[in-house]
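Two complexes follow with subunit A in common, the first pairing it with subunit B and the second with subunit C.
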Partner chain A sequence: MFKDLDPILHSQLRLAVISLLISVKEAEFTFLREKTNATAGNLSVQIQKLREAGYIDVIKQFKDNYPQTICKITPQGITAFEEYVKNLQSYLGSGT
Partner chain B sequence: MVEEKFSPEQSLQLIRSMIEKVKQDFSDNSFFLLLWGWLILIAALLHYGLMTFSNFKQPWMAWSLMWVGAVISIYYAIRSERKQKHKTYIGDTMKLVGAATGITFSVLAFILGYFELWSYSFPVYFTLYGYIAFVSGTIISFAPLRWAGVACWPVAVVSVFVSFDIQLLLMAFVVLISYIIPGYLLKFHQKNQTNRV
Partner chain C sequence: MSKEKQLTERESLDLIATMISKAKDSYHDTGIGAIMWGALIAICSIVKLSEIHFEYQLPFDIYLLTFLAIIPQVLITIREKKERKVKSFDDSYMDYIWLGFGIGIFLLIFIINVIFNVWGPVATEYRQLAGHRSAFQFSEFISPLFLLLYGLPTFITGAACKFRPMLWGGLFCWVCCIATLFTSIKADLLLTAASAIIAWLIPGILMEREYRNYKKEQAALHV
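And then the complex of A and B:
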């Protein structure tokens, strides 16, 4: 039924992360965790999958002597998200 | 958030709810409007009061309050930058507009002061207040701020034909309509939006 939907994005947490990142320029890991209510471990795994797919960039740096992880959607991620939404709309439009 | 199979409707709902959560980002925009709105209003009325009802020789000293605004603004901007966990394109644009506004007013104050053109300065300021409110309102998609900007421009034209003491009262009126009222409306609007998320 959902064979055309991108399997990388058709997962609740990964879709939530991409939906947050599509609305911002960049976001800290802690921001994504707060908004998705996910555990740090689960979120790390899903972020890694998005990174491996080339949908997001992950930048690790230090801020005020604390480690900081910044996530940013890539142009490939934007295209994949737009395609995903288009496919979703066609499913809804066809009434399935 | 648990991993499970979900329908296209649930997917769209999830996308919508995440985008709504990011909208809370606009919460800081009212701070600068209210800070500068109140400071300019107090300075204008103080200048008018000292000039009209006292023998104080330097009523323009009331504008020293602008230094207080500059210090608070810089402190608040640095603190917000440190606390911020995400960046938006709109947020970054507003920061640059804010910085450009501060520099523009400082340079203008220097130029007008250097040529001793203080009595001609207010119509220029009113025009700029209108421009800044209009541009800011457009960037953050907040119509009351945009309309407040439009309202400043006729006041700027009228101010050319009145005396300096009336211009001071017009200044208080202009910041009331272009900064303070839209500032409170924005604050109220953002509070409602945050409560809904």
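And then the complex of A and C:
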């Protein structure tokens, strides 16, 4: 019996963001936009969804008088990502 | 990635792998710090060697330049941290390793000065009594101590960042550390200069080149 894939993570842009954040301590919004090639608006929406799910922390601050958004994966986000990868592997392992 | 797309399991795994590799590839050191310290230590050692060889003395100790170099190093570090859009897990360890190295170097300088203050009068007394200098010259054993310290953070950085030129540079420092135990002070200074060039200057130049290429690639992507 396969577990359902986490709908929060099973979306292209949200999965891309979480995969980037799992590899680093924290990243700026501009970095995520650069690496995912997403539009600022779409990325903001998806980041908000990840934040609401408790998978990432979003810190808004000012740097040299410019607003800066920093994203960081939470322990809950790490667990969800690990679970998601495990489920993916079991799907692929079954040959489906 | 402008639209929401339903992924297959295979596509999901591929996307994860791509993003993890992109994140890992995102941090590039500018190499300026390594270039500065490599060049500075090499110059200081060669100037000291020329002072001994040509029997002249500068009005100041050339190694005092290393204290002055702390100012640009602090400025470089602040600028690099400001420019960085991403913080990796290694960053904080690396900062502490190099900070620890800096503290270690200054403690070593302090220890050597204390030993010289104790050894100086003993050596003078020996010369007066024996009519010749002692065969033991403490200055002959200073370079191995510095080279021992130079090798440590260089080797760790090279291994942790998978940057082979620094890893080999760290090992080269330790080889020179052993060699300088058995060589004259002139050879010690020459080997110290060679270590600074191989451990920091050359890797720094390679890092700087890689950083420039990365910046060019990024600029091209955003045209």
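Assorted remarks:
As a convention for this text, the second predicted complex is superposed on the first by the 93 of 96 C-alpha atoms of A that agree within 3 Å, B and C clash if a C-alpha of one lies under 4 Å from a C-alpha of the other, contacts with A are read in each partner's own complex, and residues count from 1 in each chain.
Just so it is clear, a residue touches a chain if its C-beta (ideal position, glycine included) is under 8 Å from a C-beta of that chain, and two chains touch if they have at least 3 such contacts.
Everything numeric here is computed off the predicted structure, so don't read it as measured data.
Subunit B and subunit C, once both complexes are superposed via subunit A, clash.
Judged by the touch definition given at the top, the superposed model places A:80 against neither subunit B nor subunit C. Using the contact criterion defined above for the overlaid structures, shared-chain residue A:38 touches subunit B and also reaches subunit C.
Contacts of A:27 after superposition on the shared chain: both subunit B and subunit C are touched. Subunit A residues 5, 10-13, 15-16, 19-20, 22-28, 30-31, 34-38, 42, 64, 85, 88, 91-92 lie at the interface with subunit B in one structure and with subunit C in the other.
Only residues 2, 5, 10-13, 15-16, 19-20, 22-28, 30-31, 34-38, 42, 64, 85, 88, 91-92 of subunit A touch subunit B when the two sit together in their complex.
On subunit A, the positions that touch subunit C within their shared complex are 5, 10-13, 15-16, 19-20, 22-28, 30-31, 34-39, 42, 63-64, 85, 88-89, 91-92, 96. Note for the complex: subunit B touches subunit A at residues 1-4, 6, 8-9, 11-12, 14-15, 18-19, 21-22, 25, 82, 85-89, 91-92. Across the complex, subunit A is touched by residues 1-2, 4-7, 9-10, 12-13, 15-16, 18-20, 22-24, 26, 82, 85-89, 91-92, 218 of subunit C.
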